[in-house]
Structure formats: C-alpha cells, structure tokens
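First the structure, in the form of structure tokens, and then the observations on it.
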Amino acid sequence: MSVLSAVPLAAETAVLWVALLIPSLLGLLAWRFPPQRMRPLLLVITPLPLATFWLLHRVAMGGELEGVWSLGELLLYWRLDGLRGLLLLLTQLLLLASATYAVGHRRAIAVAERTFAGFWPLLGGLATALGIIWVAADLLTLYVALELMGLCAVGMMLLPGKQAALVAGMRYLLYALVGSLAWLLGVALLLGVSGRLDLSGLAATTQPGTVTSIAMALLAAGLLLKAAIFPLHGWLAPVHASAWTPVSALHGALVVKASFFILMQLWQRLVPEAVAAAWLLGLLGSMAVVWGGLQAWRAQALKQVVAWSTVGQLGYLMLAFPLLAGTSAAVATLAWQATWLQLAAHAMAKAAMFMAAGNLVLAAGEGRLTDLAGTSRQLPFPLMTFGIAAVTLMGLPPSAGFTAKWLLLQAAILAGQWLWVAVLVAGTLLSAAYVFRVLRCAFVEDATRQEVQPLPAGMNLIALLLALAALGLGLGADWPLALIRAGGMP
Amino acid sequence: MSDALLVLVLPAMLIWPLLLMLRVPLMAALADRGQPRFPLDGLWCTAPLPALVLALSVDEGALALDWWLFGGFWLLDGMRGTLLVVTALLWLLAGVYARGYLAGEQARAVAGDEAAEARLMRFALLWPLTLCGNLLLLVAEDIASFYMGFSVMTFAAYGLVVHSQTRDARMGGLTYLVMAVLGEGLILAGLLWGAGSAGTTTLGGLREGMLEAPNGVWIGVLLWLGFGVKAGVVGLHIWLPLAHPVAPTPASAVLSGAMIKAGLIGWLTTLPLGETAAGEGFAWLGRAMLVSGLVAAIGAALYGVCQRHPKAVLAYSSVSQMGMITALVAMGLVAPTLWPALSAAVVLFAAHHGLTKGALFLGVGIGEHPPRLPAWLLWTLLALPALSLTGALASGLDAKWAFKAVLHEGDYTIVVTWLSLAAVGTSALMARTLWCQWHVERQAREEGLEPLVSAMPLAWLASLLAALTLPWWWGGELALRGLPPLAELPGLLWPLALGLAGSLGVWAVARRRPLHLARRLPPGDLWWLLVEGWQRLRVRGQGSLDRLVSARDVWVAWWVARERDVVRVLDSMTRAEEWLRRHAAVLMMGVAVGLALLMLTST
Amino acid sequence: MSLPEELFPASLLVFLAAACLLDRHLLRACLAFIAFALLMSLAWWRLDAPWLALVEAMLGALLTGLALFHGLGYPGTRPSLPVHDQERRPRHEAPVRWLAALVWLTLAGVAVWGISGDGELVASDELTRQPLLATGLAIMALGLWAFAHHLHLLRRLLAFNVLGSGVFLLLAGLAGPSVEVQGLILVGLVVALIGSVLGAALLRRLHALDGRVTLGVEADERR
Amino acid sequence: MSGGVLLLATLCTSLFTALLIFLLPERAFRARTGLNLGAALVKLTLVAWMVWGLSRGHAYALEFPVLEGLAFVLRADALGIMFAGLSSLLWLFTTIYAIGYLEDSPNRKRFFGFFSLCVASTLGISLAGNLFTFLIFYELLTLSTYPLVVHRGTAKALAAGGVYLRFTLTAGLVLMIGMIALHVLAGDIRFGEREILAGLDLDRRPLLVGLFWVLIAGFGVKAALVPLHGWLPRAMVAPAPVSALLHAVAVVKAGAFGIVRLVYDVYGIELSAELGLLAGLVAVASVTILYGSLRALAQQELKPRLAYSTVSQVAYIVLGIGLFGPLGTIAAFSHLLHQGLMKVTLFFCAGNYAEELGIHRIDDLDGAGRRMPLTSLAFTVGALGMIGLPPVVGFFSKWYLGTGAIQAGMPWVIAVLVASSLLNAAYFLPILGRLWFLPGPDHGVGEWPEERRLGRLETHAWLLVPAVATALFSLVAGLLAGMPFSPLEWATRVVNTEYLP
C-alpha cells in the first residue's frame, strides 16, 4: 500500500486512516478484554473525535483532502471535504456515546459478559464501515463498506438472542443482502457503461441516458431498501423492538443514513437533472413522513414510537432530491444545508432518544406507554432527555431540527414547491402528536407504581449530553453549515 | 395666604376621610375580640370638617398636581364653593345624625350580633369613602379626577344603600347599581368622545372642544343622560324611589341632598351652558332637556303623591325638584344669554334643595323615633322645611324668586308657569309626606320603639336651621337678589295654596272611598316595566344562548366523533404495515421500475 | 469457443438454478445449488478468472453448501427441518411476483442491451459475452422471483445466492474479468457466504425455538 | 458591563436557575426557594439597570449568525425592555406566590424548573431583535408551559394540555411558515427596520397583506383572539400561579407582544394603515372583546370567568394596535403592562380563595370579604381596574383607547369600550357584591367548602403578600401615572421616541 497524495498532506492522511481503523482494533481488543467502566473507555475513545476535529480544522483551512490507494492494480479513491469530515466527526461522537453507554447498559440488563462481548468487535466494525462510507470515493470501497456495515448491524441486532430479535434480524439480513445485490446490479451496469468505479470519474464519463437511468434506478431501489425509506421500511421497526439500546441508538442514528448518503452522492453525480424521478423520491419521503408519524402515533410500546419516528424523519431527508433537482442555485444551497443539518440533528437526537427511552424502559421495567405513568416524578432525568431530544425531532426551536426545518421550508417556499411545505407541516404535527402522547402518559399522576430500578448516572448523562448537543446545534449551526457550503456540494 | 391654605387643605379634605376610614379596621384589629368598639365615634364624624373649613375660608383657587393621574387639576370657584359648603355641611350633620341613628345597631353588635357588627363596620368604612368621592368630584377640573370621584362615590354609596341587607334593600341596591353602571357607561362614552375630539384632559377643555367637535351634540346627549342617571332625569330616575326608602336615613339624606347634585355638577362643568357660540344642535338638546325636566317635575309629583312611604314620596320630590333644576339648566342651552344670571339661581336652588331635602330626610328619621317634644313643636319643625321646599318660606322662597326673576327678564314666562305648576305638585308632595310621617309617627309611638339618642335631633335641628337660613348665612352670589318684594308674593305663593287645597280635596275624597292608588303605583314606576322586559329578554336570550351552546356542543361532538373515526381509520391503516412488510421485495422491484420508467419517459 | 459450445453450460446453469429454486424438496434443492455453484466455478475458470473459480468452489459450493445442510439439520442433528417445503403463498399473490420479476428482467435486459449494443466493449470476446449476459439475466430474474415468491427461509437463502450468482455473471459479462470486477465479485461471494451461514444458523435457531421456517406474521408487538 | 453581556446575563439568570433547579434534588426546598427568589431579584435588578441605561441612551445588543443571512439577535429597545420589566416584576411575585401555593405538594422541582424556563422564554421574547429570535423563544414558551399546564397530572389537566398543544403548536407552525415566507420575500428584518417592507414593490403588496394575516393567525392563538381562544379557558386547570403567569405575562402576552412587534416593528404602523390591515385588527379585537365578556358573564366558576375576561382584555391591546395614532399606541403598550398587573392580582386572589377556603364557584364566595379582607380588597382593586374605574390602571388603558379611537377616526370603538365596561361590571360587580355585601359563613350562614387555616394571617403569608403587592402596584401605578417610570409614562416615552407615526 502506498499513499499517493501530496507530501504535505501525509500527516492528515495518516491521521484519517488511523481514525478510521482504530475503532475496529479497539473493538477486537474489547472482545478479548471487555471494558467494565465507562470512564476509561471514554478516555480511550475521546482522541478519535479530537483527531477528526483536527482534520476538519485542516479541511476548513486548506480545502479538501483527496487521495488514491492502490491495491495492486486496483485503485481505491477517497476524499475528505467539510461535509464528509463532519459526518465522520458525528459518527465518532455517536460511537463514543454508544460505546460508553453500552458499558452501563450491560450492567443494567445483567447479561453475561461473554454474551455481550460480541457487541464490541461488531461496534468497531460498524464504526469503521461508516467512516469508510463517508470518505470513500469509489463504488468498490463503498460496496465493501456497505456490506461490512450491514453485516455488523445485523450481527448487533441479533445479539440479544430472543426470538423476536432473531426473526427481525433474519428479515433484516435477507433484505440487506438483496438490497446489496440490487445495488451491485446497478454498479455492474455503470461499470459496463463507463468502465470506471471512482465517483468523479463516473460523473465525468457517464452520459445521461437509458443505461444510466436504469442503473441509477436499480441502485436507488437497493439503497432505499437499506435506508428504510417508505415503502421499503418494513424491516426497521421490528428490528428495534428487541435490540439493545446502544445498538438501536447507533443504528437509528447513522446506519440507515449511510445508504441515504451514498444515494445522494450518486444521484447528484449521475442524474442531477432527473426531476420527475427526484419528485418520486420526494413523494416517497413525504409518504414516509406521514406513515412513520402515524405509526409512531399509534404505537403502544415506547421503543416502537422511537423506531417509527426514525421512518418518519428519514422522509425529511428525501425531500432534498426534488429540491436539488433542476432548481435555482439558491434553493439548492438551502436544501443541501438543510438536509445535512437535519441528518446530523436527527442522528444525535435519535440516539439520545433511544437511550432515554431505553433508560425509561429499563428503570421502569416496562416498555408500554401506559406503563410510563408517574415516571415524570420518579424518572425525571431520562424523561427530560426524551423531551429535549423530542424537541429536535419535532423541529421546535432552538434545536438543530428547527434550523434544518427552517432551511428546508425556506427552500421549498423559494422554489414554490408548496407540497413539501404541507408535508413538513404534517410531519411536525404528527411528531408533536406522538411525542406528547408519550409525555402525556408520563405526566399521569394517579397511577400506582413500584420502585424503579436505579441506573448508572452515566447512562442518563450521555443521553442528555447528546440531546443537548442536538439542541445546541440549532443556534450554533453557522460553522458546520459554512463547512458544508464550502465543500461537498457536487 | 389662601393659596398656601388651599395647597394644604385641599388634599387634607380628601385624605382626612380616608384616614378616618383606615382607622376603622385598625381600631377593630387592635381591639379585643370580645369588646366591639363603636366605630362611629366623634372623630369619625369630623370627616367633612376640612372640606367645610376649606369652603368657608377659600373663595377661589386652583391646585395642579402633575404626578396625579393624567395631571391633576383641582379648582375651587364660586359655584363649586357653594356646593362644597352645602355638601360638607350636609355630610357633617348626617354623620352626626348617623351616630344616633345607628345606636340600636351598635347595641345589637355589643350583644354579639355578628351581622350587625359587620353592617356597622361596613357603614363606618364606606361613609367616609363616599364622602371622599363626593368631595373630589366637586373640586376636580381634570376629567380623570372627576370621573374617579364620581365613580368612587357611586360605588361606595352602594354599600350605604344596601346597608340593612333586607330583601328590599337588595332590590333597591340592585336598581341603584344597575342604573349607576349604566350612567357610568354613558358618562365614560361622553367623556372619552369629548376628550378625544378635543385632545384635552380637563373639563373646561372638554366643554370648549365640544363646541367645535362635529358630533358635539351627541357628546352632549351622552353626558346629559349619563349625569342624568344621578340627577334623576325622567326615565333614568327609577333608582331614586327604590333606593332612598331602603337606605339608612342619614344615607338617604346625603344621597338625595348631596350626591344627587353630582349629576348637576356634571352638567354644569361639561355642557356648554351659556355659550352663545353653541349651535342649533345644542339648542335642541336644551329643548329636549327642558321638556324632560318639566315632565319630571310634574310627573314625579303626580306619581309621588300616590306613595305611602315618606322616603319614597321624598324621593319623588327629589326627582321633581331635579326636574325643575334640569329645566333651568336647559335654559342655559336654549337661551345662553340668560345663563350668567340664571346659573347663580340654579346654584342657589341646588344648595337650597340639598339642605332642605337633607333636613326633610333626617326629619323622617325623627318621625320614626319621635323625641320628647310637644307635638305642635315637632310638627311645626317638620313642616318648616317642607314649606321651604314648596317655595313659600326662607331659602325656598329666595331660590324661587331668583330664577323666576331671571326668567321673567328673559321673557320665558311660559317656563315659569310650568315651573309653578310643578311647585303645586311639590306642595302636594310635601303634604303627602307630612301625612305619611304622621302615620309613621303614630305607629312608632304605639309600638314604643327604641329610645332616641340625642345626636339625632340635634343634627336634625342643625340641618333645619342651616337649610332655612341659607340665604342669610351664605353671602356671595346666592344672596344677590335678596328676598322678593311683597308684591311678588302672591305670584310665588299661589302654587302652595293650590297644592294644599288640592291635597285636602283628594284627602277628603280618599277618606270616603280609598283609591288604592298606592298599591297600583309602586315606587320605582318604570323599573318594574324594565324588569319585566328584561326578564322576557333574558328568557329569550337564555333560550337562544342555550341553543347556541347546544349547537356548538353538537358541532364539537361531531368533530370529536370524526376525530375518533379518523383515528379508527388510521388504526386500521396501520395494519397495512404488515402487508408492506411481507411484500418488501416486490415493492423494491416496483420502486426500481417506477424510478427507471420516470427517468426514461421524462428525458 | 463457439456459440454452441457456450450454450450448453449456459443452459445447464439456468437449468440447475431453476431446479434449485423450484424444487420443494429441500435436500435436492441444496444439492442442485451445490452443483450450480460448481458449474459457476467452472464458468469463472473459463472466463480466465482462476482465483475467482477457486473462491467460488470453496466458498460458494463447499462452505455455503455446508451451511445450507447445517440449516437443514443434516446430517443427523435433531431436531431437523422437514425436508419438504409446505409453505405456500396465496395464489392471488403470485402474478404480481411474476410480473415484477419480468419487468425487472426487461429493465435489466434493456440496460444490458443498451450497453452491449452501442457501448464500447469492455469484454474481450463478443461470443462469450452474449450467452453470459443472457444466462446472467435469466438466473438473476429467476433468483429475484424466487426470493420474492418463496416463504421458506432456506429457499429464500437459496434464491438470494442464485440471484447473487446471476448478478456476478452479468457483472463479468458487462465489464469483463477486470480487477474491479473480480474485486466486486470476490466481496460479493464473501458477503453471500457470511449471509448464508448467518441465515442458516438463524433458521435453525428459529426452528428450534418455535418450529417456524418462515418469517411469518409476527405477533404484533405494537398492540 | 457591556451591552451584550448584560443582555445575556439577564436571559441566563432564569435559564441557569432552571438548570440548577433541575439539578437540585426534590427535597432541597430551602435552596430552591433561595435560588428562585435570588434569581428573580437579580433579574429585576438587571432589567432595572437596563431601563436606567436605556433612558440615558445606552444601547444593548447582541447577535451572531445562525444561518446564511439570518442572525440570532438580542436587543433591548424601549418597548422590549418594557415587557421585560413587566415579566421580571411579575415573576418575582408569582414565584413568591408559587412557593406558598405549592408548599408540601409533589413535583415542585419540575414545576419550578419549567417555571423558570417559561420566564426565560418570556424574557427572550421581549428582548428578541428579529422575528427568527422571537420565534425561537415563542416556541420555547409553548414547550415550557406544557408541563406547567398538566402539572396536576389529572385526566382533565392532561386533556387541557392536549388542547393547549394543538392550538399553540399549530399556531407556531403557521407562524414559522409566515416568517419564512416573509424572510424569502424580504430577508432578515430586524425589529425597527420598517423601511424594508415599505420599500417593496407595489405588486408585492397583496402578498404582504396575506402574510400579515397568516402571522396574525399565528400570534392570535396565543393572544387568544376569537375564534382562536379555545385553549385558554381550558388551561385553567393549571395551578393558580401558572394561570396567573399564563394570563398576565407569559403566553397570552407573548401573543399580543408579537402582534405589537409585527405591526410596529416589521410592517410599520404606516404601512399597516396603508394596506388597510388596521381596520381588520380593530374588528377582530372588538369581536373578541365583546365575545370574551359575554362568555365570562355566563361562567359560574371564578377561574373560567377570569379566563374569558382575559380573552376580552388582551384584545384591548390588539385594539390599541389597530388604532392608528400615538394615543392608540400608548393604549396598546400601557395596557400590555396594566392588564398584567391587574390580572395577576385577580388570579392570585382566586388562588387564595381556592387554597384557603376551597372556593371555586362564584356563589360560594358569599361573605368571603370578612374572612379574607386583604385578599378581597386586592380582588376588588383588580376587578375595578378591569371595569376601567380610576384610579386603578385599567382606566388609563380605556382612556387612551377611547381617545385613540377618536384620533383614528373610529368613534364606534367607544361603543365597544363602553359595552365592554358594562359587561365587565356585570360580571365583576356581582362577585364584589358577594364578597362584601352578602352574609356568608363568617356571618354564620352556611359553611366554606373546604376551609384550611394556612397561616396566622387570613391565609399563608406567601400567598397574601404577592396579591396585595400587585394590587397596590396597579393602584399606585394609576394614582401616580404622571410620575417618571410609571407604566403609562414609559409607554408614552416609547411612543414618543420610537413609534410616533
């Protein structure tokens, strides 16, 4: 292996790859020696986001980093711009949070140490895969990372070993594999038409046409299945019902969005002008918003509410396609920023929400909404966290969800695409409906309730910090948005 | 010197009653629970003293207070001074009288009657407050102070009206309050409109602005009617005969003697009287006022003689007298040139009526608790103010002569004639009053009621004296003309004779064949019509409101039901999720095909 | 190599795929799959991708076969799965799946034809390409249909594997045995193996837990 | 201290209080009380400092960009600081009251935490420098009041909370869309930059009119304009201090203040008049005034009657806004303060009756004046103020509304005012009559519904003092209306320095 990039960037490149691969190594290490305490783990992982932050700083100073790895004849491309750097940073922060949380979680659910040990390498693998997806710039690397991510995710989902988990995991596995094959078929067609796999090369050589269109459609179908976009979301909610909380948190926050990210990359490069198809994607997103919201509203179990809310929130991201296709530069810039801000906001808030919900369920011992009665008194901390995370999900100020929604609405109004305004309104109201349904249950006072199980303070704290981060990003969005504007928009 | 005095005494006049008021609960709080004190002590009675001192020592002056409301501007001039003297005096005497009048209540309170104690307490609190409002409105030249004084007086007096808390008292209180609130509303409308048009905060400015304002007449109408509630303009007078009989006698005295004049003050300070620049509109307003005043003067007399309760008769007499004053005030609009002369007469008349009516009301209480005086002396003393009111004696004669002379000069003989007719009515009313009192007194003697406390007859006698001798002890404008020459006396006295004769005739007839008019004509005349109309309106309104509410409930229920339907539909829709889950593979193919077809067909 | 020479293995591949996917006797289907995988290996060999052939033989035929047998419960372990697939999809749902598979096939066909018709040729040999592409398309469509249609989890695993092979063939047919293609296929094979192993193990566990062989209708957790 | 820091400190006083209260354990009663009162005093001092500084010409502003072309702006102008002063003053009293009210009840930590958050949002609303910032705090207010409304956790409270959310969240969304549309149309408009919209092309005017009504609909829900008032009477299930806060300063006022900002600082009163928007506002306000009063008249319970009274009274502010001319503006601004003082008094008193005697219905109030004289006196002051009698502050609002109506050439508004006064009298005077003039349990007639002797005074001192204090404030602010820094004088100053059309 040799690094082909320019010498001054060598340090950055090295740091990048170390930052990408370290999680896997740490995961393997933790498999052998499972961590027992939160704090040491925190100390070990904290350098990762710091390093990424440094990278991001370099990117902000000096523009994008790009490079090629050659593996024999095989050339693998990578690229780090503001957007990708931010996503990497986000991944590592969430990795930090969920890993730390997992330590407490294991203690709280009282599962055998060996049973839980499998979690660590899978977590490491997932983090590495996600990192690679963000920085990869060719289809082969993306394929590898996508598969790695999918398999790790399935593995993590299966860990609890309960029957429901196994059924859901099996479905997830099957659909993930088939989705990959659809994607691979698309890649095959692209490879056939242009003979290249690197994204910039593809963008340069592919002409819009029948083959590109069909390839893109196949690719999109596979990725949509993996990204759990309506109507291909069926596998998502059951998976979360029985998964461990840190797994749900990371999965709901990032895994599904990796597929979206890839789709967005390819779409923008290959068929940026396909307005009608983009509208179809937008419509699917709209239906996801409504459907996910409705299901979350009618759901009876707390974790189901959170899982369905993911389906709904992913729909917001899909609105980017029609707003980016064939619209003015101003609209496109707004929509572009909105999408990634929404992604980040949702990632953090959803992770926080899963954790808070997990804490509530663990502490209260019950997973149904009606069993939450009185938790506002006994478990104010996790409930508060849930509430703060919900603020982001509902898109109420001052959260990042609000800022993102503002941008999205601004883009939609500027473009005159009022349909999306209606969708956003409906989505917000629905999300308020399901969030406050939960809170309402928690505020019921006249229910008898036994003692609650005490949880490690760290678990609550991590969730709260994530939720607050999502909240704070709302007003502190200027810096990341400047980075996103500066680089990343194809 | 008088300026310094004004600066000191004018606020003191207002603050002193308030201090005395605050003293009452303070004393009660400090006293032992077991030993209730008599709140109406000597000090309490001194509440109007600073006002009296001010009115007697300062003729004219003004005080401006920037920080007060919109900027306070308090003024004392001849007209205000006169009324201030009369008001303060009446309040003082009535206060002293009240000490005696409420002695029985006090005795009950000492005996442990909680309700009596509460009533006494309330009286002791509200009396100075009402006084304060009355005084403030007299001296206020800025609208805010005036309105404040007016409303403080109005609302505090409610407590005096309902003092006894009997059913009748509540009824009377209700009429009082309803009409008062209505009046306040009209006044507020008039004041806001006028002040808004003129861009002023003083009454003087308002009066001038009204002349120029495009809708000045309507402002005038609003103010006339608004103050008319207090002054008993016909149609708006209905609270008087209902509230007066039920109020404690000292309260009736100040209500009828002093507070009723607040309406007059309102007219005098806001209406453009004597302004030659006032247009034809105001003249028409004046005519309307004139007619309504005469109607009140005569109509109230006719209705009043059919009453049984002496205080009700006196209340109608007040309406009648205020009708005469209304007619005189109206002349200020009809014939502005007459006004400078007439205004003095009006003020004299008002002062005379205030004191005399006060004396008469206090006399009613004396009749109920007769003192140990020889009957001839008692009845002479009781008859004196009545005669004065008819214009046959002392201040009454003086006042009557004063306006009659002015009107004669202005060649408005017809008005004089009508007013004389009203005086006939007044004579009849007075006769009826004394007759009723006679009954009451006889009844009281038979029942051997509570012993009389000396404060009562003393205060009464003092008021009598003050009323009868008004023109002599008060100089200034009032005594301008002096007593009428003897030659004019027949012209002034025939109404009395006619009234007495008529009364005797009616009495003679009624003795043989009772007319039962009193039963058919209850006090409060139009009020009962209004009540009936209101009840009907309320039933109808309630009905339509109920219908509205039920319609709304139905509507809401419909929506709630629809919402439940929607939720049910949604619930069933969520079951479609199972289908989506089972067909994910086909759906994926479908999405791919759809996307591809869209991309292929659109390019 | 001439066209008829190519036709035979191609049709054999399609036949084996069909046998594997259509046979309700699971053991036979698994055997058919192993044969299919071995034939695939041969195909890679003939396409000048010996490494790929080796990997296909090892992973695709041997290990996947073992995994599938393990899933079936052979040899001898108890409780083993019933060897016949009794699960039937409701009749009215079948046409949609046929239609979907056909449309998918058409779509892919149009794209492939578009590339081989006017795209510059990446593959060296025109003659080998046509049957390769056709075989790939047919196998892929079959696999997709089977995946969508079957309920039995083992058959769905088989379908997925067959589908994967079809896609690999298309990949090779469209882009030739270049490094990228080999890389992609290699990754695909590994993923397919892991998926099969995981799936088979899961199947056994599920069967052991409550005797199910399909995903079935979940007892709705939400209500 | 530089301007921005002072602003931030003021805002953070209650924000950090909320945070600290959440961190304190439930049983730390003393620490929480001290924290609450200390913070309230500190904030009052800071606001007073800014008032003083502002009157001497200092400027306080703070801003940073959030999006491209959109900034988070905090700025203390005379109008904003007026509202801030009100909210910090009433916060102090309400906190005192709430401490007494919630003594020994559960969930006090949650209550006071959100209470502080609610005040922080109100302060943010008052100091916001553009619509975006305004919206942020406006929505934060919705969120922080929800736990207060459902505090009791009963089915009724939860249902009321649901209704509250339906109304306010929808309105917030409508508002957001309106604001974004305005942003798309004209960019980031700071409050006071009235020339931006006035300078738009004439063909954009219809759009501006439409947006205006969209925004009014958004604000109107919180301001409880008919027909968007449905949530308010229902929210009465909340504890008394919450009702007091909701009605006097926080929620309802936020809506009214939003309309004030919209008309005076975004559109500008002249443009609004030019576009014919003001007549519509006046009409809406008049309908609301009369409807609210009529509904109040029909209520048999004390708090709902006060609630409908709020509907009616807050519309006075809107009415004042609609009256083109300085007098109407003074009326709107001063009523913003006046209504707060009076209504908070009334709610304190209603809470006192409920706490001490268990009285909720009006016909249970007979003779309560003897049992609780100071509370009843405070209630009387508030009620007379509502009717509009001097010297209570309510009169001044009515005065300026009336004269403003004449100035704006709408004399018929006076009829509305007088009708409203009469209706106010019709529903307040019977209460006063019952309090003072009807014999009750203390005169030996009947019994109190649920009497508790909460303190040596007529009730708990913590409950009594705020009620009396706010009543005194509303009385003194009226009597001394001509003094500098009185609400009226400050409102006049705001109008004179900034808004004179």
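When the chains are written out, they are named A, B, C and D in that same order, and each has its own residue count from 1.
Rule of thumb we're sticking to: a contact is a pair of C-beta atoms (placed from the backbone, for glycine too) under 8 Å apart; a residue touches a chain by one contact, two chains touch by 3 or more.
Just so it is clear, the structure is predicted and the values come from calculations on it, not from any experiment.
What pair of chains is linked by the most C-beta contacts?
Looking across every pairing, the one with the most contacts is A-C.
Taking each chain's centre as the mean of its C-alpha atoms, which one lies nearest the mean of all protein C-alpha atoms here?
Checking distances from each chain centre to the full centroid gives D.
Can you compute the centre-to-centre distance for subunit A and subunit D, using the mean CA position of each chain? Integer Å is fine.
The computed centroid separation for subunit A versus subunit D comes out at 42 Å.
Using mean CA coordinates as chain centres, what's the gap between subunit B and subunit D in Å?
Those two chain centres are 36 Å apart.
Measuring from the mean C-alpha position of subunit C to the mean C-alpha position of subunit D, what distance in angstrom results?
Using C-alpha averages as centres, the distance is 70 Å.
Per the centroid of Cα atoms for each chain, what is the distance between subunit B and subunit C, given in Å?
Distance between chain centres: 103 Å.
Multi-chain contacts in subunit C: which residues touch at least two other chains?
As it turns out, subunit C has residues touching two or more other chains at 107, 147, 222.
Would you pick out the residues of subunit B that each touch at least 2 other chains?
Residues 574, 582, 585, 589, 592-593, 596.
Indicate the residues of subunit A shared as contacts by at least two other chains.
Correct list: 171, 178, 209-210, 214, 217-218, 237-238, 295, 298.
Could you please write down every pair of chains that are in touch?
Result for touching pairs of chains: A-B, A-C, A-D, B-C, B-D.
Under the definition above, what is the set of subunit C residues touching subunit A in their complex?
107-108, 110-112, 114-115, 119-120, 122, 140, 147, 153, 156-157, 160, 163-164, 167, 170-171, 174-175, 178-181, 183-184, 187-188, 191-192, 194-195, 198-199, 202-203, 205-206, 209-210, 212, 215-216, 218, 221-223
With touch defined as at the start, can you tell me which subunit A residues reach subunit D in the complex?
So the residues of subunit A in touch with subunit D come to 333, 337, 376-377, 380, 384, 387, 391, 394, 396-398, 402-403, 405-407, 409-410, 413-414, 421, 425, 428-429, 432, 436, 439-440, 443-446, 474-475, 477-478, 481, 485.
Across the complex, what residues on subunit A touch subunit B?
171, 175, 178-179, 182, 208-210, 213-214, 216-218, 220-222, 224-225, 231-235, 237-238, 271, 274-277, 280-281, 284, 294-295, 297-298
Give every residue of subunit D touching subunit B within the complex, in rising order.
Spelled out, the residues of subunit D in touch with subunit B are 298, 327, 370, 373, 384, 388-391, 395-396, 398-399, 402-407, 411, 414-415, 417-419, 421-422, 425-426, 429, 433, 436-437, 439, 442-444, 478-483.
Of all residues in subunit C, which touch subunit B in the complex?
Touching subunit B: residues 96-97, 100-101, 103-104, 107, 144, 147-148, 217, 220, 222 of subunit C.
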